[in-house]
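Please go over the structures that come below.
Two complexes come next, and they have one chain in common, chain A, joined by chain B in the first and chain C in the second.
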Partner chain A sequence: MTASRSVILGLVALPLVYFTAFFLVPLMTVFVASLTDAQQGGMTFSNYARILLDEYHWSVIAVTFRLGILTTLICIVLGYPLAWYLVRIVKWRTWRRICVILLVLPLFTSNIVRSFGWMVLLGRNGLVNETLQAGGLIERPIRFLGTETGILIGLVYILLPFVVLTIGNALAKVDHSLEQASADLGASSASTFWHVTFPLSIPGVVSGSIIVFALAVSAYVTPALLSGGRVTVLAVLVFQQYSSVFNFHYGGALAITLLVFTLLMIAIASLVSRLGAR
Partner chain B sequence: MKYSTVLLTTSLPAIFVFAPLAAAQPQSLTVAWYGGNWGDAFQSCVATPFTEATGIAVVPDIGTSTTTLSKLQQQAGAPVIDVAYMDGGISELAEEAGVLADIDIESIPNAANLADAATYRNGDKVYAVGNGYYSLGMTYNTDEISEAPASWDALWDEHYAGAVTIPSPSNSAGIPFIFFLNQIMGDTPDDMSATIERLRELDAALFFDSSGAASNAFQSGEVILGAHFNVGAWALIDSGLPIGFTVPEEGVWATDARLHIVEGTQNGDAALQFIDTALGAEAGLCLAERLYVGPAVTNVDLTEEVSRKLPWGETGSIDDLMLFDWNEVNARRSDLTETWNREVVR
Partner chain C sequence: MAGADMTLLAIDDISKNFGKHQALCDISLAIESGEFVSLLGPSGCGKTTLLRLIAGFLRADRGTISIAGEDVTGLPPHRRPLNTVFQNYALFPHLTVADNVAYGPRRTGAGKAEASRRAQEALDLVGLGEFGDRYPRQMSGGQQQRVALARAIVNRPKLLLLDEPLSALDLQLRKRMQIELKQLQEKIGIAFVFVTHDQEEAMAMSDRIAVMNAGRIEQVGTGAEIYRRPATRFVAEFIGEASLLPVQRTGNGALTIVPAVEASGRSVAVLRPEHAQIFAGQADASTSCNLLSMEGHVETVASIGGVTNIYVRALGHLVHARRLGLVESGLREGQKVVLGIDPQNLHLLEGPQP
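Now for the complex of A and B:
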């Protein structure tokens, strides 16, 4: 018993040390910097006041979270049927494996490369505009790059696999006998889906949404490349302060603001889903 | 800043344990330089000859100048980087941040050929030496624009609306480019409101934060006219793309890539040897041929073809470049970035 306890302790110690050294310490460094005065060095809330009492920053926060929420919603709407197809429709195991590989394959390439790919596709002379023009749907090229729409397309593409995998996992765990019972009791397949299958898959939807939302609001590369410097999100402001202005105090406060707002949004979403499940 | 440094230095002993002990003859020298064709050129023009001559391997630490400065600040006290390439402007900020060592210029034989303008001093301390000048000139798509634009006013030409680019403040050239525009528009640095207003009117496809993003936009045709570095522009032209590079009548703004020794390095002698290799005529020629950067040393013999592509053109010299007082530019970095965010991007 004692031996197994020390094994467990040993196993926990390593990730704990790793977590402390590479997550908590850097985060605390950022937090302390955000509460430090740039000139005098004393403790101050002025960096936060600068952000929260300023309309400009609220507009940036609004853009960031609008993109995060829309990305999450679109990912769920697109990802759920895709997960359903993979788990429920595909019977041939090899084909399912191929589909999963195709789904996760883009995750093996860098975000930068994929965002550059979208820059080419969404450009004035890109494939999307050329196709729309050739089909007679539009006369002049639509401006995607440098708009929120462009960023949204890029984020959905990059984050969709996370939703499909989490929802697919939840769907695979749904006990078929419950659905059969529902059908035996006379429920239609739509009714069975809405009252049995969907509620049981909600944990997958929630965890997928949290992953996608957190990654979308903190994304830097995709918004930076697809916005062409014309749409500002919080991550871009943070990067600017750290990489160009070198004000780690204000930059730190921006980063902590982003973190707190993200956690708040996730807490609200979890609360709503828990209330909904009752 | 102080708090973060203290916290970081006190929390890193675990890492120190794993750090190799300082040896008399280092096995390797860590040099921070830029990515892409710059990094490739530094590798083959400077690092490889250095390793061949000394037997010391060079470990590249790739990043933009601003990223390198951030790393140096985070590593203050226990630097991993020994020698750092950083651009003008960021170089002054690094000196101000106290992360640079004094370069003993007397012990670098090739420094004898270094132009005066390329030795950067803070009092008696030499904190940087130039290793090549480059400019931010007018770059255009020759399929769309048959004649090279004569003036920077072309950026506002309605024919090119929605297809022009200039650097954003996240790029090291962003803030100086606003100074440059301000100067050619005849405004004083104290009041840049007219320049900001003109920038607001600019219908840009892209405000680029990396040279690669600008090259990509020119390559894909997303952008047909804009400010781009001579290094990136000539790389596109040499690869056969329909791109032109020109120096408009108002001139171009220029700066340089500089070499620095990091304060607290354990490999000071090797760092000096590295700088000596970089300031050699062979390295100067190689960098000019590969990147079209103007040598900061005076003993480099260049071909006409290469000279034509240098930031000062075929017959010019360092004296023809429009170089700014970086301390003046840096003092405005924060408020101009803020003004840009609030007034130009919105």
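Now for the complex of A and C:
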């Protein structure tokens, strides 16, 4: 009896210890630092006041979340058809496998390398501008670097695989006989997609969106490299405070602000989607 | 044309291959309005494939299918005037029971109110009027089966295809649903094509049964016909129980049974166990005239419930006999007996048998 009780205690305690060590403690450390005064010590909200009462900080927050939302939307719009193609259209297994490998391969290379790649491609005389000019679509090169558009392109490129994988996974799980039942009941293919396939793939869309959004608003490398210092996002501010200014209190407050806003956005999104499902 | 009016579903010379594997071969079948036809056959014989061809989920390599006189061979599933009850029910998990049933009317142009009125009607018909607000996962297997049925009949198709719709239910429920399904079918007058590999189910429910084997239809007929006059050896052995006995005609045209050692190349007669009589001695057997008699000995006696199965070895054949009730005294294993068979009860299979 005592043996089994200690086993149960162990089973409860292990995950608890794990979560405490890896998630709670680091988070609490940042949180406590953010509430501590940089000079005198002691508790203070001044770090937060410095952020929330300042227009510049609000504009950084706005840029960060605008980039996050746009990245998520574009990733879904591009990723859904891609996932559909991989799961539903491709019949030849080898080709599907090749596509999946091509899709995830970039994830194994460094973010920095890929962002530098885009710096080269998007530059004044980069491949993108040259192609557009050669095609006669534009007369003078477009400035991508140092604009939100440039960062957006980089983020979409880096985060697209996550959406394709989660949506593809959800699509693969949709039982084929449900679509056949829909056709049997008189629904055309398009109607079947809207009334059966798409609703059943929404869990994949939602989890993909959350992953992409969270990664996009907290991304540092891509915005830092593609912004050329002209566009600032929250993660870049945080990094500056921790790595060059060494103000862990103000930096911590920035990090917590980012976290709270992210959770808030996800909560609003899931509330909206739940109301929409009614 | 009068005959053609009656034919609801006409399947003509359908063949279907999967790669090198021939799943269906030269299938022809005609089904009348309001008829209940079962497709019966062992696993892998092509029943589901035939059903999917009729529904339009598969394309045939050769042959045509027409429904109510219209050639539907090239039509996609949603343009065919029939509905299907799927083996796993295939209920939409994201829709309530009522919305599942209303799905058909909604997609075929009915308004919201009209669709839900018809859905309610169909649910009432299967006895689930109260359950419209639930989700499929909140229903038992039997209830889900009825929802699938309601969803399939709500558009009032002329033809309903059912792929082993009762196979997921336990025996009790299954028996009850057989009766309910049959009653419902008669009430609404829809023709059913019902796939099963349970011959009792097929016998109990169908107007006609199509017995399939290895991608072909071996025989089509009423339950009594295929039991009494099986067309092929396969049907004789697959439907009910039978002893297959090689026979020949003597000079005066009478049948005699040939010993097992001389069996090859003879015609074969089918003997049902209830038609094999057992006598204690030759004298008893000859009291009733015209019986073919064979001497033999009892090999096995097995009582199961209300019937006793007796296997007698005679002329090298193992003949199966059946009696109602417990076996009478004195019938022991190894005992010498005489088998008596009324030649009228022997059904001769056509053509030379292997």
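The rule we apply is simple: the second predicted complex is superposed on the first by the 258 of 278 C-alpha atoms of A that agree within 3 Å, B and C clash if a C-alpha of one lies under 4 Å from a C-alpha of the other, contacts with A are read in each partner's own complex, and residues count from 1 in each chain.
Assume a residue touches a chain if its C-beta (ideal position, glycine included) is under 8 Å from a C-beta of that chain, and two chains touch if they have at least 3 such contacts.
None of these values were measured; they are calculated from a predicted model.
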item: Touching partner for A:A38 - first (chain B), second (chain C), both, neither; value: first
item: Contact breadth on chain A, by residue count: chain C or chain B; value: B
item: First (chain B), second (chain C), both or neither touched by A:Y56; value: first
item: Touching partner for A:V100 - first (chain B), second (chain C), both, neither; value: neither
item: First (chain B), second (chain C), both or neither touched by A:L185; value: second
item: First, second, both or neither for A:M28, with chain B first and chain C second; value: first
item: Partner chain(s) touched by A:S244 [first = chain B, second = chain C, both, neither]; value: first
item: Intersection of the chain A residues that touch chain B with those that touch chain C; value: none
item: Residue ranges of chain A in contact with chain B within the complex; value: 21, 25, 28-30, 32-33, 36, 38, 41, 56, 116, 119-120, 123-126, 143, 145-146, 224-225, 228-232, 236-237, 239-240, 242-249, 252
item: List of chain A residues in touch with chain C within their complex; value: 175, 177-178, 180-188, 191, 195-196, 199-200
item: Complex contact set, residues of chain C against chain A; value: 55-57, 76-78, 82-84, 86, 88, 90-94, 103-104, 107-108, 151-152, 155
item: Partner chain A, residues of chain B touching it in the complex; value: 1-4, 7-8, 11, 14, 64, 66-67, 69-70, 73, 93, 97, 162-163, 168-172, 174-175, 204-209, 213, 216-217, 220-222, 333-334, 337, 341-342, 345
